[in-house]
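Below are two complexes that have subunit A in common, paired first with subunit B and then with subunit C.
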Partner chain A sequence: MRAPTISIKGRAFGDRVLLALVILLSLVMVAPVLWVIGLSLKENAELMANPNSVFQAPYTLKNYINTIGTSSVFVWVRNSIIVSGGLTLGTLILSSLAGYGFARLNFPGRNVLFVIVLFGLAVPEQAVLVARHQIFSMLNFHNTYHGLILPGLSASFGVFLMTQYFKAIPKELDEAAMLDNASRFRTFWKVLLPLTVPAQATLGIFTFLGAWNDYLWPLISATKKDMYTLTVGMASTQTNFAQSEGIGFLMAQAVFAGAPILIVYLFFQKYIVTAVSGAAVR
Partner chain B sequence: MDDRRATPRTALPAAGARTASVDIYAPQWRNFIFVAPFLFFFTTLLLVPLFWGMWLSFHKADTFSSGNFVGFGNYIRLFHDKVFLQSVWNTFYFVLLTVPTLALIGLFLALCLNRRTRTAAVLRTLFFSSSVLSVTIVTLIWRIVFIPNVGLLSTIYGWFGATAPAFISDPSLAMIGIAIATVWWCIGLPMMLFLSALQQIPQDIYEAAALDNANRWQTLRSITLPSIKRTFVLVVIVQIVLQFQLFGQAWLMTRGGPNNLTKPIVLYIYDTAFRRWDLGMGAAASEVLFVLILMAAMAQYLVTRNKAGQA
Partner chain C sequence: MTADIEIRNVSKHFGAMTVLDDLSLSIKAREFIVFLGPSGCGKSTLLRMIAGLETVDTGEIAINNERIDHLPPGKRGIAMVFQSYALYPHMSVRDNMAFGLENIGMPRDVIDARIKESARILEMEHLLERKPGQLSGGQRQRVAIGRAIVKEPKAFLFDEPLSNLDAALRTRTRIELAQLHQRLQSTMIFVTHDQVEAMTLADRIVVMNNRKIEQIGSPMEIYDRPATKFVAGFVGAPAMNFVEATLDRSSRNATARFADGVSVQTEIASGQTSDGKYTFGIRSEDVGIVPVGQGNADGVVDVLERLGERTLVYARLGDGQQIVGSDAGNSRVAVGDKVGLAFDGRKSHLFGETGRAWHAGEV
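On to the complex of A and B.
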């Protein structure tokens, strides 16, 4: 569709129809978010009296002040940062080492092990959830940071990604370093690792985002309020939704939680899109 | 340290890079150290729970004990449980609602936005942006769209003096409401996958078509669509795997109601294992889900592998 720039009769009309459709779809994308932002800026009493009041002043920041005043939100943000950060760091270390190992080194059983690791890509979290929960109960890992971080470290995707990346680096580089009597680890650390920074960024952002947005495992593992991550914590405040009590407050909370991640997305868009598409196709 | 000794020794027969490279890639046990840390976590946190889960599914178990062996008892109970059968049906229904919609809208957007203009770039960013939000935020947004009185939908309907459909409470509409929120959330990925496929179509084919005076519809039908056939299949399978795992949207928007009509398999697992603490039966349900997802993953593997053969 992008290729022919030669104009053909009837093209302009067709283009306009397509444009109208795309604009309509983009409105569907944006309108709910604008609605949420609008509600977050209104007094609750006013909203209950007339929902159309969203479109008129007065607007207020009261809901945001209340959100920030609720100390729990900061605890949840802190928990999310610790869990996502810890998992990202761990994944990068484990995946880089293993990726280098599978791509460059030979050891007995390497190919079989790699196939088993690839098989891990096909195992959904739900298939291991119940057993994992029981094992963690026995180890007393629930409601701890390591209890939230550890399951993510078993994901194969990072190893798969890093193995592919290391394989694409010319072998002559390692060989030159080895001839200079550098050890395996030195070769890995000083020569190859610096070349994988783009893959590290992709994997790092993907892992962080996945952990930040994870809902199922934190929901069953972190059952104490002060161990909630942001996703679980926010979900827990939504229960009195039906009575429409404090809708503006809930909306302010949603904006407060969603805005940082959207800003990060705008900055790292390229890496995020690469990582997410790469993870899907494998 | 060890490496320094090893290299000269085997490089001995004929000096030079050639023999050294033979030596470097000889299998050695100590190389295992690099993959050992990952394999430790992979084994203890994925493989062991995987087999433990299978084992659990044949037992009557609670949180701290694995109880008695019951054979296929859990599976038999499972397939006699109307709620479970309902949840399997719900999951398929949800997949049927979302996957074709995601694939078609994603394809449409990719075809329209595959241009080098600034507007197209901005719109691509926009359509992908919802994908980075967490399920909590997405469901909060869509509940406030669907909610009566202050909801966006009821406000818009109100302008025309109409009553908005009750997407969350009406039994026949609840799943559709969840599907709408899901399509809104997940549309970015199919679009991006189609875009990257479109960019791999060689330009000269289009130039040849333009010279032959092919119109846009002909070009689309005989060049573009055949070239991305494989991607289309891939997108469908990837989405089937993803949407099979529906949980957060259903749990947060409807709690599986009304009348279990929006309860998917994962929510059934959650209810059974972590709210009724019947771990054996929960494990059995998760094995059923695993088999379903594994079949889709196998299909994906076959499609990806045939890439080279199909050209």
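On to the complex of A and C.
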């Protein structure tokens, strides 16, 4: 009886140490967010006089009221939602179709084409930026939604992920569907695609978060203020308004900016955790 | 609904490799046919060609005198049960069964009625709303069969459907399949490498080896009168005893002489045979265990397998050749004992160098 008691005690101690570490790390992660929220609830003049006043009442919603009244943050959020949503949807559709094609169809040059797709993984965005800028400029694609969405659709990782996932689905399912008189598209749509939902969720989350946080291409392509995405818009605010409009106002905008991604996270929490842990790949 | 299936001069190649070589076969309506053979003999390929999952390189396949080898799988009017069952994991049992019928635009009420009837036949009404992942192996097997039944196909194809089940369930499902065949009276083609499944289920067995058909016949024909040495060795457990022999053809029936001088009087007419090397074959149940000196040969017991109703005795002859004989269930023989082996010449077989067979009692 004694040995197990020691073991449980030992484990309990280990658990407590772990818990303490988790709490500490969580605080490190959450503190800046709390700080942002705190700052967004303070008058600028008060913060200028005493930076530590963030911890003391009074708090005010004035910055939020100003944001709703005057800021472009809603336009930028809308742009980011359109760009990230469009890019995610497009990537999922194209990657699924391409993945199915590479995994299931026999066509000349398939292997060479797949290697070319994989090669896309190795090419950094910076290497093609100038050429892409020139092409988009000639096509008058800058300052348009499709100009912001199109480059991200060449998603090598997505094609690779979906190809591997389709390959892992037993071919007997295709054959059973053939015997069930299903057309190739119906087999894809009704039998195979629903089985790739975990991979779609993983790819969708990574694509959405990547597009939401993307800064470089929107900075180049969106030069008009009403086409800014959130990242570009927020950066422009920091440069131009930080001193004059006040840090509290800036932080209120940041809270607005973070809200959509928080909502996405709350909805897809389960998938994000499995996606990040890599568990959803199988 | 049921169908004759005619396979005429069918060949199949994968690159340079020939998988089936000029193979012909007639399957009668309502017949339960089993393709039996070792791995790689081409039996599954032949089944998949009938299903339309593999193309036919040369030759033709007809169902009820209509060529079907150019038709896609779904248009052939056949249903297949896969080894892995291939149930759609994200669909309920009901949806799995309905999918094929929806694809041909069958009205919903007819689909529902068929599913209900099939579920009743297979006693799985309570499983209809579950997903395959929530079912046991045996239940999945049942659903796979149900998915085939609802289509009311001209023929059922089974690709080693019992191999994923445990031994007890396999036996039970085997019996259920036999009952299902009696009830549905459909043409059924069953692929297996398990000769017990073949013997117990088939009206006729097609024994295949090395891309060709070795023999077609009823289970007892295959067992009692194997056409080739391969069939004799492949069907039956334990495998038939084979001993290299020469023939003494001086009397009416040939006498087989083994290398160590043992001789067995067969009931195979000398006139049917010619000079040359032969393999003498006899099944374990036709080799009796007798006191030393009273049989055709003596041997030392290597291994005993007690099966309950009988005991298999593995005895080694003087020249090292092992012979499996059969003794009573409560045999007193022990490992290391010297025993006599009595070969029943009336049940003996001879195989020529080309594999051709002669059987005792043949005229």
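By definition in this document, the second predicted complex is superposed on the first by the 227 of 282 C-alpha atoms of A that agree within 3 Å, B and C clash if a C-alpha of one lies under 4 Å from a C-alpha of the other, contacts with A are read in each partner's own complex, and residues count from 1 in each chain.
To be clear about the criterion, a contact is a pair of C-beta atoms (placed from the backbone, for glycine too) under 8 Å apart; a residue touches a chain by one contact, two chains touch by 3 or more.
None of the values given here were measured: they were computed from a predicted structure.
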Worksheet item: For A:Leu195, is the partner it touches subunit B (first), subunit C (second), both, or none of the two (neither)?
Response: second
Worksheet item: Taking the superposition as given, does A:Leu173 touch the first partner, subunit B, the second, subunit C, both, or neither?
Response: second
Practice prompt. Specify the partner with more touching residues on subunit A, choosing between subunit B and subunit C.
Written response: B
Discussion item. One more residue to check, A:Asn181. First (subunit B), second (subunit C), both or neither?
Written reply: both
Item to complete: Return first, second, both or neither, reflecting whether A:Leu129 touches subunit B, subunit C, both chains, or no partner chain.
Response: first
Worksheet item: Does subunit B (first) or subunit C (second) touch A:Ala31, or do both, or does neither?
Response: first
Worksheet item: In the superposed view, which residues of subunit A touch subunit B and also subunit C?
Response: 175, 178-179, 181-182
Discussion item. If we count contacts the way the header does, which residues on subunit A are in touch with subunit C in the complex?
Written reply: 170, 172-173, 175-182, 186, 190-191, 194-195
Discussion item. Give the list of subunit A residues in touch with subunit B in this complex.
Written reply: 1-4, 6, 8, 11, 14, 18-19, 21-22, 25-26, 28-33, 35-36, 39, 47-48, 51-52, 54, 93-95, 97-98, 100-102, 105-108, 110, 113, 116-117, 120-135, 137-138, 150-151, 153-154, 156, 159, 171, 174-175, 178-179, 181-184, 188, 209, 212-213, 215-216, 219-220, 230-232, 234-235, 238, 241, 244, 247, 250-251, 254, 257-258, 261-262, 264-266, 269, 272-273, 276-277, 280-282
Practice prompt. Quick one: which bits of subunit B touch subunit A in the complex? Just the residue numbers, please.
Written response: 1-4, 7, 17, 20-21, 24-35, 37-39, 41-42, 44-50, 52-53, 56, 61, 63-64, 66, 105, 108-109, 111-116, 123, 125-137, 139-145, 147, 149-152, 154-155, 158, 184, 187-189, 192-193, 196, 198, 203, 206-207, 209-210, 215-216, 219-220, 224, 234, 238, 241, 244-245, 247-248, 252, 265-266, 269-270, 273-274, 279, 282-283, 286-287, 289-290, 293-294, 297-298, 300-301, 304
Fill in: subunit A partner contacts - residues on subunit C that touch it in the complex
51-53, 72-75, 78-80, 82, 84, 86-90, 99-100, 103-104, 147
